[in-house]
Structure formats: structure tokens, C-alpha cells
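See structure below.
Here the chain labels run A, B, C and D in written order, and each chain numbers its own residues starting at 1.
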Amino acid sequence: MIKDSDFIKNSEVPGPTKEEIRCILLCKSEVSNGDVVVDIGCGTGGLTVEFAKKAKKVYAIDLNPVATQTTQENVSKHQVEDKVEVILADGLETLDELDDFDVLIIGGSSGKLPQIIKKGYKKLKKNGKILVTSILLETATEAIYTFKELSLKPEVVNIMISKGTPSSRGTIMFSNNPITIVSTKKF
Amino acid sequence: MIKDSDFIKNSEVPGPTKEEIRCILLCKSEVSNGDVVVDIGCGTGGLTVEFAKKAKKVYAIDLNPVATQTTQENVSKHQVEDKVEVILADGLETLDELDDFDVLIIGGSSGKLPQIIKKGYKKLKKNGKILVTSILLETATEAIYTFKELSLKPEVVNIMISKGTPSSRGTIMFSNNPITIVSTKKF
Amino acid sequence: MIKDSDFIKNSEVPGPTKEEIRCILLCKSEVSNGDVVVDIGCGTGGLTVEFAKKAKKVYAIDLNPVATQTTQENVSKHQVEDKVEVILADGLETLDELDDFDVLIIGGSSGKLPQIIKKGYKKLKKNGKILVTSILLETATEAIYTFKELSLKPEVVNIMISKGTPSSRGTIMFSNNPITIVSTKKF
Amino acid sequence: MIKDSDFIKNSEVPGPTKEEIRCILLCKSEVSNGDVVVDIGCGTGGLTVEFAKKAKKVYAIDLNPVATQTTQENVSKHQVEDKVEVILADGLETLDELDDFDVLIIGGSSGKLPQIIKKGYKKLKKNGKILVTSILLETATEAIYTFKELSLKPEVVNIMISKGTPSSRGTIMFSNNPITIVSTKKF
């Protein structure tokens, strides 16, 4: 995995999604090298880059031009330009223009999470995965409610990571903020 | 409880111990208004002030003059001067000069944790409590080993707190760093 | 504090609220010995008993007769009968029959959390506290939404506790399930 | 990833290592399909099976015959027999008999963690990884001390996972016990 510090950052954009969370999302997505991935709310591009390394194609979408620019910079830095299309646009609207895909990651939704989940689920291929990452309590429950409306039983995982680096005094543990992943598979 | 933001802070001194951790330490100490408390490694003075509000007397000890000064400022701000003696000294040596006490809190030990625990335990009154707070992995295990040497079975509690403030977008959770409390009672 | 194992338990009733969580709730409530406390969804009675030790009066309410019976048993065991009235009833309805109170704890709401918060907030005395404890993700966000409707900014605290007991091999840490406390003060 | 529930379990053997932890370990190991992996203290075989799917060869070692048997059953169930050799033996001694390897996972050490790390580090290929997983506080610090003796700066990561399944009432979160991963790379 790419170290957190190996991503170009911009203080106006959240992220990158931390290494361990990227690991877990890659695992849960079951992404493979023929897959098309859509990353809505790509932010710094941490997930975009990691998924690009495993998938056939990643569409990285964000409403914020600083985010798409930062993502593009990370895509270049990590040499996955040929697999990534960065799109400065509304995630919900962009879904209409995309062909069916295998993995949908939702890290930002500009208040349209239920609609993105519903439209995204329709366009997801069979056995495809939707993964919602949330740092807001409300996003996690909104995702759960929406999946329930679709008669789906999402998996809900909350992850708290603390990291320490040994110093002369000992190993101080510093916490990352908790993340909740709400995900499901299309049957 | 006093809010974290109501303590005077100094960037050279760790702390104050966060509100929820102060709550748990007060509870576990079973401190009451006739008790004498020793706070070794008092840092910002968060625990000193809280214990002073419940106890008869608190000896707040730190090797770092910036810490003792910050503690003194917080003692004044929170109006517990008559109950607190702030001592700029080595914790281990100071234990010799103190009469027996009811509660010993160890938040810093300058590498002498086993000796402080052993001497402290001797000077602790019957039914008194020792509480070691650690942000270092090594401190927690060192405390456990030392208590075992004394044939004591400490309670070990690791606490991870995340806090959120509602905003227009929702409630983002921010994590405090984990703390481990290793404590025991003298029988 | 009372140890978790010192409460009478019944497998049909959740709880008792764990020791450290009881500590934090007592702290945040700022309960004092003249206070009247209402505990809706009292379950095993852990909070009822702890608050009874600090307050003037506790009304412990639960819809489940096994819960009120278990609470009554713990009230007797911990000798706070003279301060506690256990009420087998719907929490929302019971609020109408109670005089104003200083602390409202909501640990269960039978799907009526917004109504209980709204009615409870009205009947809360000035400077009184409402504390919602939630083990469900949805309860925390529902409490936050309701407080926002009332133009209140709740404090949101998520707590994860792990506990270890030293054995010959070392100290294995066992996690309690996370609890979120959503609370506010009446101004 | 394989679901936790898809491993054959035996009540006498700890594990399987939970799905999210397996994800993180696979990531951090940077295992690839030419790699040889040694799994000391294989337990239920969860890591053995996952690494076997990505590596050329896995040596799964445990002192406990119930563990090696359970691992063998999981190896068969998940059809990685051709890549796995299960060895009922002491991990430290077995290291002598193995050729150099790319990844060393230590999940159990029968009290010989420092020796296993030291001998294992010697036999690790350049750029290889050692990963120690610990559920005991003491194991994590012992690993850190040993890596420091070897003039290595390990990465230390503590992981707390809670999982919820939506029910009619809402999503109750249940915590897994915390795991600390102490790891380093050979330069």
C-alpha cells in the first residue's frame, strides 16, 4: 500500500483515506483487474489511485475543483493516468453518463446520498459492490436507511486505528478519526 | 466536570487529561473529602484541580517547572489553592517526604515507574488506590509487571473517546488518543 | 463505583450500563444531592442505583416488567429504596405525570425518542441535563436531529472501552461494545 | 476476503483472525505471488489460507495439534493444499529448517517472541516483512523492544473494529477485541 505521506495533499481537501482504511475497502470491494470502479467524492484521490492499481478503469468524480486537481496530481505521481478519468462534476448526474460498473465507492455525496445509492445500485453490475465511507454519524445511518429501502442488508463496520512510532521514551499512540463503512453487494 | 477548554494550557506541557478520563479516574479512585491525594507528573494540573475539589489535600508534583507553573495557574483559576501544594521535584524522592496518603495518581514517572509504584504502594493507606495513566504502550505494561511483582492484580482499562459537534453537514467524530489506566487497591 | 458484577442481572434485560459509562454519565449530568432524576428505559437499573446514591430522587421507568423487576432488585440490593420509585409504564406518557426534574437519562425509548426528548426538555428545570445513551447508530443520529430541531447543540461522545485482566500469559484486552452519549443542558 | 464464518473453528484454538485484520496484514505484508510466507502460531489458519491465495508457499506452524489440524481443515476447505505445508512443531526451532522467506507472521510465540523475531529477521530476505499480531499488551511491547534491539523502527498499529447488522430496531454495534500489529521491513 501507498503510505499516507506519499500522497500530495491540499489543505482544502479531506484525505487521503488512511492506509488501513484503503486496505479494508480494497478487500471488501473484491476488485479485480477487469473491473470498472466509480469513486464519487474522490477528494485527495487516495482511493482512486489504489483502486486504479487493481482495476481496469476508475472514474474519479468530485464537485470541488481543488479535489479533482489534487486527485489528478496523485494519479500522475503514482502513474495510473492511463486507467483513471478524473471528472469535475456532480456525482449523481455523472452516474447517468457512465456505463455499468463493478464497484461504486461513495466518500462524498453533497447531501444526495440516498439518490446516489439508488441510482448507483441500479447501474451496478451483478455481484458488484457499493461502499459508503462516512466520517459523519449521519451519513452512516442515512446509508443504512437507504439500503434498507432497497431491501438490502448492508454490512456496517466502524474502524478506529491508533498508530505509534517508537521514540526514546516509548510508543505514544495517536488516534485517527473513526470511519464507518456501510457496504453491500448486488445480487 | 471542568471542560477541557477551561484549563490554562502551555504548549510545552501535555494535558489537560481529557474530561471523560478525569471522570473515570475520579470514579475509580473512590476519592472522598477526607482524602489525601498525590499526583505525580501533574502536567497541566487537570487531575490536580479535579481531585482537589473532592479531596482534603492534593500534592501535585512535577519535575518540569513549566508544568508546575501551569498547574499552579489552573489551581488558582479554579480556586482550589487552599487544598493544593504544587511541588517542583522528582516524584520518587518526594514520596519519602510525604505522610501516608489515600490516592496516588501517576501520570508521569521520568523512567522510574517501578520504583514509584513500589514506594508509593508502601506509603498508601489501607484501601487506598494507585492509578497509573499511560499514553505510552510501554508504561502500561511496565505498570502491570510491577503490580504483579507486588502480587497485585491490577485492573487494566483502555479508553478511546471520539467527540463530535453537530455542524450543518452533520456530526464529524474526532478521536482523542487512547489512554490506558492501570490501577489497584491496597488491601 | 459499583462493579458491573455487583448488579443482579437478567438475561432478558440489557445492562447494566458498564462502570466507566456510568462514571461518565454521572459526571456529565452534574447531579447533586437535591436533584430529581428520571431514568427512562432503566433496564437492569445500573444507572438508577448510581444516580440514587447522588440525587434526592430517581424515577426509574421501563415498559418491560422484567426490567422494572430487575431494577427493583438492584435498588434493594444497593439499599437505595427510599430514593427510587420504579414505574412499569411507557416513558413518554409517564413524563406527563412527573413534576419538573433536573436530569433526564434516556436509555430506551421504544421508538419514541424524538417525542421523549421534546416533552422531557420542556419539563426539565433550567440548567438541567438530558443524556441519551445509545448502542444503536440510529438512536444517536435521531437524538442529534431532535436536539437540532429544538435549536440545541448537543455534545456527542463515543466511548470504546477495552478491559484486561493480567493472566500468566499476559494481559488480553476484551472490548465492550461502543456507546454514544448525546447530551445537552437546558438554558 | 473470506468471511469469518467461512472458516472451520475449534473452540480450543483462537481465531480466525478477523476479516478486516487479515486485510490489513495482507496489505502491510505486500505479499506477492512469488513469495514464501511463514505463519508461526497459525491457530485456526485464517491467515495461512489468505496468504496462500496470494503467495507461492506458506509454512503454517503451531505447537498445538488441534491448531495444526484446524488449519489443515481450513486449508482443504479453501483449496490451497498445494501451497501450504502445515507443521506441528515449535516455531523457533522450525525456523532453522526453513530456507529464507519473504514474509514472517507471528501470531503466537509460546513465550519466545524475542528469539523468534531475531532468528526470523536473520532469515528474512531483503525487503521482506515481519508482522507480529498481538492481543496481549505485553506481546506488543515485547515486539517493540526486540525490534529496537535490532535497531529497527517498527510500525505500531492498534485496530478496533465494531460491526453492526441492521435489525428492525436499528444497528447495534458489537466490538471485536483490539489487535496491535507491530511490523517492520528488512533493509
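Here are a few things to note about the model shown:
As a convention for this text, a contact is a pair of C-beta atoms (placed from the backbone, for glycine too) under 8 Å apart; a residue touches a chain by one contact, two chains touch by 3 or more.
Note that the coordinates shown come from a computational prediction; the quantities given were computed from them, not determined experimentally.
One of B-C, B-D or A-B repeats the interface of C-D: more than half of the contact pairs, counted by residue number, are shared by A-B.
Between the chain pairs A-B and A-C, more C-beta pairs are in contact across A-B. Averaging C-alpha coordinates per chain places the centre of chain A 37 Å away from that of chain C. Between chain A and chain D the centroid-to-centroid distance comes to 27 Å (mean Cα coordinates, whole Å). Look at where the CA atoms of chain A average out and do the same for chain B: the two points lie 41 Å apart.
The set of chain A residues that touch two or more partner chains comprises 137-138, 141, 144, 156, 158, 160, 162, 164, 171, 173, 178.
Listed in rising order, the residues of chain C touching chain A in the complex are 137-138, 140-141, 144-145, 156, 158, 160, 178, 180. The residues of chain A lying in touch with chain D in their complex are 1, 19-20, 22-24, 26-28, 30, 141, 144, 147-148, 153-166, 171, 173. Put simply, chain A touches chain B in their complex at residues 135-139, 160, 162, 164, 169-178.
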